[in-house]
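The same chain A turns up in both complexes below, where it pairs with chain B and then with chain C.
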Partner chain A sequence: MIKVKGLNHSYKKDGKYAVNNVNFEVAEGEIFGFLGPSGAGKSTTQNIMTGLLQLQEGEVTVAGYDVKHIKNEMFNQIGMSFEQSNVYSKMTAKENLDFYRKLFDVETREPQDLLDLVGLGDKGNIRAGEFSKGMKHRLTFARSMINNPTLWFLDEPTTGLDPSIAADIKDIIRRENKKGVTVFLTTHNMYIADELCDRVAFIVDGDIKLIDSPKNLKLQYGEQLVEVEYIKDGDVVKESFSTIKTEDKNQLKDIIDKYEIQTMHTKEATLEEIFIKVTGRGLK
Partner chain B sequence: MKKMLIIFMRDVKVNKRDFISLYILIVPIIFGIVINLIAPGVNDTTINIALIEGENIEMQEYLKDFAKISVYKDKAELEERVARRDEVFAYVPDGDGYYILQQGDELEGLLDYAKMMLAFYEDDVQIEDSTAEIHDFGRINPPLKRLLLNIMMMFTAILGGMLIAINIIEEKIDKTIRAIHITPISRTGYILGKSIIGAILPLYGSIGLLLITGFSDINWYQMMVLIVVSMVVSILFGFIQGINNTSVMDAAGSVKMLFLPLGGAVAVAELLSDKWQWIVYWIPFYWTYKGVDEILTYQSSWQNTLIYGGIVVGISAVVYILLIPKIRKGLE
Partner chain C sequence: MKLWYSYLKELKLSSKGFYFYMEILMTVIILVLLLFVIPEEMDNKHDEYIMFDMPVQAEEYYVNIIKENDIDGKSEIIEIEIEDKVINVELYVTEESKLHIFDNEEDLIAATEADRPSIGAKITWDKANSNYKYDYYLQGYESEKLRNLYTIIHVKDLEALVAKGDSYEVKVLKTGHERLNTKQNAVPALITFNGSLMGLFIIAAYIFLDKQEGVIKAYAVTASHVWEYLLSKALTLMTVTTITTFIIIVPVMGTQPTYWAMLILLLTSAFFSSAIGLVISSFFDNMTQSFGAIYGVMILFMLPAIEYFIPSWNPLWIKFIPIYYLIQGFKETIMVNGDMTYVMLSSAGFLLMGIIFFLYANHRFKKNLAV
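Moving on, here comes the complex of A and B:
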C-alpha cells in the first residue's frame, strides 16, 4: 500500500534534514504505527506521502500512485485526520461534512452516520466554531472517513481526547481495519500504538531506528526482566534484573540467597521502555 | 468545473452569515440607489406634471413633448399625488386659467421650468418658433453622476477582492486549506473556485449600478471588456490581501490604503491637465476609470477600450508574476 525508499526532506534546503534516508513499506490491510517524540519527522513524512509537502528526494508510492507526479484521483482513495483539527468554524458539523463529501468522485458516507459514530450525532446542526477542542477533533476524524478510504492516515488521532472517547476512536480504527482499510498511524503515544498496530517504526531525529511488531519487540526486549521486592536493612527495596545478562543473573542469585524476598515476578516491558532502550530517548 | 462551483457555493453560504460579507454582497445596490438620490440622472432632468384626466386633452398632448405626464381622476387625487415625496407639479384648473400646485420643497429651477411650460402652452409656443441654432455636444449626462458611478464600479471590484480575502483568511484561520488539498480537487480548481465570488461581485455590481442609475443605453460590449478587466484586478487583489493578512480586520485596513491610488487616479484624471496624467499611469484604476468614463459619455472606441483594458491586464500580470511564489506558498 505504501512504499518509501530513500526519503530525505530538508525544509530550508540547507542540508539540515527533518527526514533522513527513511525506508519502509506498509502492506495492505495493516495498521502501521509511526512512533517517535515530537519533532522526530513523523508529520513531515506523512505530509510528503499525502502530497501536502513536495517530495524532494526519494521514491514514494502511495496506494499505487507515484507521489512525485501526484494525480488528483489518488485522493479518492486516501483519508487523513489531522493532528490539529481543521474544520470550518462558521459552518455546522453537518455542513462541514456535506461540503467535503462533494469534493470526491467516489461514493461517500452519510454525514449523519459519521457523526453518530464519533458521538456527535445530536450536534450536527451546531456550528463547529462552538465546539470544544475534543469535538472538533472528532469531527476532523469523522471527515477523514467520508470517502471510504482504502488507505487511512491518522496523525495523533487520540491525543487530547478524554479516555472514553479515545477508546471509542480506537474501536472505530479497529473496525475499519477489519473491513480491510490500511492504516498509517502517527503518534507519540505508546499505548495506542501497542494496542492497535501490527507493526511499528521507531523514528527519532528523522531516522528510523527499527521496524517490528510490538509482540516481537516485547519478546526481544521485554520478558527477560524480573522484578524483585526484598527487605534489606528493614527497608523494602524494588529492583529489576535481566534474565540474560550474566551480571544481572548473579546479582539476582545473590539477593535470593541473602535477603528475604517479598514478591518476585517477570515483567513485560512497555513499548515505551523498549523505545528508550533502543533509541536512548524518551517520547516526550 | 462542478467542484469549483461547490467551492463557490460554500463561500456564498458562509458570506451570507457574516455581517461584513453580507453587506459587501448587497452594497452595490445600495450605492446605485444612493447615486440616484444625490445626483439627478439623465432621465430625471425632465419634469413630472400631474393633470386631471380628460380635463384638457389638448394641453395634455402639448405638454407630452416636454414633460412626463401623469393623470388623475380629480383634484383630490392630484393633491395627494403632489404631496408624496418626489418632485411632481400639478396644473390645477382655476377659472379659465391654471395654478401650479407643488409640495414646497421642489428644486427652484424645476418650478421655473413648470411655470415656463405653462406659459408656453398658454401662448401656444411651438418648438419651431425657436430661433436658436442647435450645437450638439452629444448626449450629456450629469458629470457628478458619472463620476460617482465610475468610482462605485471600481469600488465593487475592490469589494470583490475583499470578499475573496475574507474567504481565504477564513480558510487560513481554520487551517482548512490542507483538508481541501487532500481531496481530488486540483489546486488550480480550488484557486479558480475561490475566485468566482470576487469576479461575480464586480460583474453583478457594475451591471446593477449601470441599470439602477439609468445607463442602459451604453455600449455594453465595451463595458463588459472593462468589467472583466476589473474582475482580474479584483481577484488578484483578493488573493494578495488574503495571503498577506491573518485577520479580516487587517485586510480591511489594507483595503483602506487602496483608496489612495483610487482617489489619486480619479483626481488626476479629472483635475490635472494632459501633461501630468503620466503620474498615475501605473495605477490600474486610472485606466479603468478613463475607459468607463468614455463609455458613459458615449465617446468610447473599441481601440481605446482595448488599449486601456490591455494596460490593466498587463500591470496585473506583472504583479502576478512577481507574486506567484508568495501566492503558492501562502496557499500551502
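Moving on, here comes the complex of A and C:
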C-alpha cells in the first residue's frame, strides 16, 4: 500500500536532512506505527506521502500512486486525521462534514453516522468553534473517514482525549482495520502503538533505526522480570528479578522461602523501554 | 462542482466573519460621503494675485478687459490680512477665477505666499523694448509642464511658439461626453479604494484565518485542487466587491453608468487584486507578518488616486501602476458616451495580470501547504 525508498528531505535545501535515506513498506491491511520523538521526521515523512510537502529525493508510492506526480484522485482513497484539529470554527460539526464530503469523487459516509461514531451525535448543529479541544479532535478524526479511505493516515489520534474516548477511538481504528483499511499511525505514544500496530518503525533524527512487530521487539530486546513486594524486618521491600539469570532466580527463591510475600507479578519491557534501549533517546 | 461548493462555503463563512462587516461599513461610509458630504459642485475658482506696473491708460485697458469678464461687471474692495498687516485690494470675480489687484509688489508676493495654491503675476510695461513683461510668482511645486506653459504663453513669435509647441504632448481633455460634477468625479477613486484595495486586504485576511485554523491542509488532502480553493476565495471577493460597488453606484449615479462594462471591469479588477492578495499571503503565516507588504502595495495602489485628484501632478511612472487604468476605466463607465474600448482593454489587462498572479499564487501554495 505504501512504498518509500531512499527518501531524503531538507527544508532549507542546505544538506541538513529532516529525513535521511528512509526506506520502508506498508502492506495492505496492516496497521503500521511510525514512532519517534518530536522533530524526528515523522510528520515530514507523512506530509510527503500525503502531498503536503513536495518530494525532493527518493521514490514514494502511496495507494499505487507515484507521489512525485501526485494525482488528485489518489485522495479519494486516503483519509488523513491531523494532530492539530483543523475544522472550520464558524461552521457547525455537520456543516463541516457536509462540505468535505462534496470534495471527493467516491461514495461518502453520512455525516450523522460519523458524528454518532465519535460520540458527537447530539452536537451536529453546534459550531465547531464552541467545541472543546477533544471534541474538535474527534471531529477531525471523523472527517478523515468521510470518503471511506482504504489507506488511513492518523497523526496522534488519541492526543488530548480522555481515556474512555481514547478507547473508543482505538476501537474504531481496529474495526476499520478489520474491514481491510490500511493504517499509517504516527505517534510518540508507545501504548497506543503497542496496542494497535502490527509493525512499528522507530525513527530518530530522520533515520529509521528499526522496523519490526512489537511482539518480536519485546522478544528480542525485552527482558522478562518479576516484581516482588515482601516484608523484611517489618518494612515493605520492593525488588525486581530477571527470570532468565540464574543468580536472580535463586535470589527470588530465597525470598519466597524466607519472607512474607505481599505482591508478585511478571513485567514485560514496554515499547518505550525498547525504544530507549535501541535509539538511546526517549520518546517525549 | 467542487469549485461551486467551495464558493458557497466561502460565501457562508465570509458572511459570518468580521471582515465582511468591515467591507459593508466602508461601503456605507463611502455612500454617506457621496450622498451627504461631497457637494454636486465645489467652488473651484482659484485665486490669482495681479499687480500692474504700467502707464495709467495701459492699466485701464487691462482692467476693462477684466471687468468685461466679471460676473456682475464691477469690482469690490476687500481687506486681506497678511502677516498682521491689513491691506485693501480690488477684487474681480469671473467664471473661473478670483482676481485680486495689488498696488505694490511686496504685498503681491506676501499674499501669494500666504495662499499656497494661488499664483501671482506682475505685469510691467517695458519701455526699452516697447512690450509687456510678465513676472509670475509660483509656489515652487508646480509641474515642469505648467512652468513651461507660463514661459511660452506670451511668446509673440508664432513660429517660435509652434516650434516650442511641437515638443509638447497634446492631450484631448474634452471630447463628446458630458463633464462629471464634483460628486460624480469622486466616484471612480472611491470605488477603486472600496473594491480593489479593500479586496486585496480582505482576501489576505481570509487566507491567514484559514492558515491559523489549518483548514488549507485539510482541503489539500481531498480530491479537490488547491486552485479551486484559491479561486473560491477570489470569487467570493469578486461577488462582495460587485455588490458593495453597486450599493454605492446605483444611488449616486442612477441610470447614467454603462453597467455591463462596469461589471466586467469590476470582476476583472477584483480578480486581479485578489490574486495579488493571494500571492502576498503565500509568503507569510499571519496578518502581523504581512502588514508591511500589504500596506506597501496598498499605498502604491493609492498613488494613482492621488494623481487623479491633482491633475497637475502627472508623472509618467504613475501610468505603470495598474490602478491608474482602473480609475480611468471606472470614470469612462460612469460618463455619458464613455470610451468602452478603453474599459474593455483595461479589463483584458486586469484579467491577464490576474491570471499570471493567480497561477503564481497557486504554485506557491502547492509548494508550501505543510509549512
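Heads up, the rule we're going with is that the second predicted complex is superposed on the first by the 240 of 284 C-alpha atoms of A that agree within 3 Å, B and C clash if a C-alpha of one lies under 4 Å from a C-alpha of the other, contacts with A are read in each partner's own complex, and residues count from 1 in each chain.
Here, a contact is a pair of C-beta atoms (placed from the backbone, for glycine too) under 8 Å apart; a residue touches a chain by one contact, two chains touch by 3 or more.
Since we're looking at a predicted model, the values are computed, not measured.
Enquirer: Which term applies to chain B and chain C once both are placed on chain A by superposition, clash or fit?
Expert: In the arrangement built by aligning on chain A, the partners chain C and chain B clash.
Enquirer: For A:Phe104, is the partner it touches chain B (first), chain C (second), both, or none of the two (neither)?
Expert: Touch partners of A:Phe104: chain B and chain C.
Enquirer: If you stack the two complexes on chain A, which partner ends up touching A:Glu73: first (chain B), second (chain C), both, or neither?
Expert: Touch status of A:Glu73: both partners.
Enquirer: Does chain B (first) or chain C (second) touch A:Asn86, or do both, or does neither?
Expert: both
Enquirer: Where on chain A do the contacts with chain B and the contacts with chain C coincide?
Expert: Overlap of chain B and chain C footprints on chain A: residues 50-52, 72-76, 78, 80, 82, 84, 86-91, 99-100, 102-105, 140, 143, 147.
Enquirer: So in the complex, which bits of chain A are touching chain B?
Expert: Contacts found on chain A: 50-52, 72-76, 78-80, 82, 84, 86-91, 95, 99-100, 102-105, 140, 143, 147.
Enquirer: Residues of chain A touching chain C in their complex?
Expert: Interface residues on the chain A side: 43, 47, 50-54, 72-76, 78, 80, 82, 84-91, 99-100, 102-106, 140, 143, 147.
Enquirer: Can you name the residues of chain B that touch chain A in the complex?
Expert: 3, 6, 10, 13-14, 17-18, 170, 173-176, 178-186, 332
Enquirer: Can you check the complex and tell me which residues of chain C touch chain A?
Expert: 1-2, 5-6, 9, 12-13, 16-17, 213-215, 217-225, 366-367, 369-370
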